[in-house]
Amino acid sequence: MSTETATREYRWVMPRGWWTRRANYFWYIVREFTSLPLAVWLLWFLVEVQRAQSGPKGYVPHSSTAFVIFSVICLGFALYHSITFLSLAGVILHFKVLDRPIPSRLVVLSQFGAWAAISAVIAFVLIYFAR
Amino acid sequence: MNEHSTKKRPAFDHLFFWFMFAQGGVIAALLIPVHILVQGILGPLGIVPVVDRHYDTWISILGNPLVKLYILVLIAFPFFHFAHRLRYLLVDLGVPAAKSLPAQAVFYGGAVVISLITIWLLLTTAPLSL
Amino acid sequence: MAAKRITIQATRFDPDKDEKPRLQSYDVPFADESMVVLDALNYIKGHVDGSLSYRWSCRMGICGSCGMMVDGVPKLTCNAFLRDYWPKPITVQPLNNFPIIRDLIIDMDDFMEKLKSIKPWIIRKQELPLGAGEHRQFTPQIDEFRQFSQCINCMLCYAACPVYGLNDGFLGPAAIALARRYNLDSRDEGLKQRLPMLAEAEGVWECSFVGECSVVCPKGVDPAKAIQQTKLDTTMRFVLPYGNRD
């Protein structure tokens, strides 16, 4: 962009720790980071499926304290992902009914409603069929 | 700066990966927390009975074709979401190489591989039962 | 009672002498409560150091010239009141993410090129003769894009955008918001001409929805929303059957 003849400009260089300089940037990076613990937890879920191959004798469910602590941490990240993603999706989705735009607060509320309903159904299945 | 705008073309690869990212994000947001709560915390602590605490109940529910389909959705879409986010996170943290084609192949390819492993696990773990 | 004073630390950079920008402190009388950072800069230029360079014009949040980093946050300096910072010193720096020409002045060529590239004017497939009259528009049709048309090109959103800071090839918040303003205009038929710019790799897809562009906008424009909605609309155009028709 700059040539020899042009006046010298001082070029911008993004500082490495830019995301530590403002709270909003930091929480954005946390939001993006949630994918890592969630991915690890889902891999554990796959292992849980795989372990069912070992037959009735070899099947011992995970119960260690470490695993519960790991899950609690993952749940924190999962909730942060859910809350941010469903709230932000309300900004993006734009519906109209009878030519009138639906307020985004209503869209967000209905998403949280769907989240609650779906969670209740899954929890019911996981618990009810345990007997 | 940029050449004239006629040279620009819609990037269909980005379009597709963003679509998968958005789908996976919604599915992860709606489905994952309750699994972690019930299977990762309440079950191991013995607060409620949970299907995966006993072999019999776990293998029987895994045999249900609807459950198999559900688990595939639970894994495959979110992993495309994770792949996309982690790739952009690396860019944000100062690794522009995460934008390259090889990096895309590794991240999205990884999501494909995990989806294939999931299909294989679901087909081999429990016999179909209705 | 002794008159109140406030310390302004302003970036100085002389391209002929300085290797890199440095901060210089100025002691400024904080004479009345309505003083803004721009008033302090004008005081310095008028009474302390005439060589301090910066852009400004209207002093009333309309022209979009006086955007700078005030204590690390992109702001219109005519809208940043000293009373909100006093008695702490205020750091005034040129907008982040742009090359610095001198002192507080950034090079905005890249931004101007990007604005032009999305063709921010009404495009018609067939221009009607003047005698055919005006293109009528109803209030609800204006409401579709009104918010996006408030942009004053102050570049605060570019200074707030880490994606642009990491890669200045990114089309950026204001340009995409303006493109959406025209794409949503009922009189406009230029979507297909703008789509290649918007939907290419360094168009909307580069954005990872940090959202800070919308936070810092002094005019209440929501560029982050414009970008995400463009992503969704573009995707739907190609995903839905017949979505790609005009």
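First chain written, first letter: the chains are A, B and C, and each begins at residue 1.
In the analysis below, a contact is a pair of C-beta atoms (placed from the backbone, for glycine too) under 8 Å apart; a residue touches a chain by one contact, two chains touch by 3 or more.
Treat the numbers as computed from the prediction; the structure is a model and nothing was measured.
Every chain gets a centre from its CA atoms, and the centre nearest the mean of all protein CA atoms is that of A. Chain pairs A-B and A-C differ in how many C-beta pairs they share in contact, with the greater number at A-B.
Once the centre of each chain is set as its mean CA position, subunit B and subunit C turn out to be 37 Å apart. Distance between subunit A and subunit B, defined via averaged C-alpha coordinates, is recorded as 11 Å.
Averaged Cα coordinates give subunit A a centre that lies 30 Å from the centre of subunit C. In subunit A, 1, 14, 19, 32 are the positions where the chain touches two or more neighbouring chains simultaneously. Subunit C has residues 110, 162, 166, 208, 231-232 in contact with two or more other chains. For subunit B, the set of residues that touch two or more other chains comprises 1, 88, 92, 94. Across the complex, subunit A is touched by residues 13, 15-16, 20-21, 72-73, 96-101, 107, 110, 140, 162, 165-166, 168, 208-212, 215, 222, 224-225, 228-229, 231-232 of subunit C. In the complex of the two chains, the subunit B residues touching subunit A come out as 1, 25-26, 28-41, 43-45, 48-62, 71, 74-75, 78-79, 81-82, 85-86, 88-89, 92-94, 114, 117-118, 121-122, 124-126.
Within the complex, the subunit B residues that touch subunit C are 1-2, 5-6, 8-12, 14-15, 18-19, 22, 88, 91-92, 94, 96. Interface of subunit C with subunit B (complex): residues 109-110, 113-114, 117, 119, 162-163, 166-167, 169, 195-197, 199-201, 203, 205, 208, 231-232, 234-235, 238-239.
For subunit A in complex with subunit B, the touching residues are 1, 14, 16, 19, 29, 32-33, 35-36, 38-39, 41-46, 48-50, 52-53, 55-56, 59, 61-64, 67-68, 70-72, 74-75, 78-79, 81-82, 85-86, 89, 114-115, 118-119, 122-123, 125-127, 129-131.
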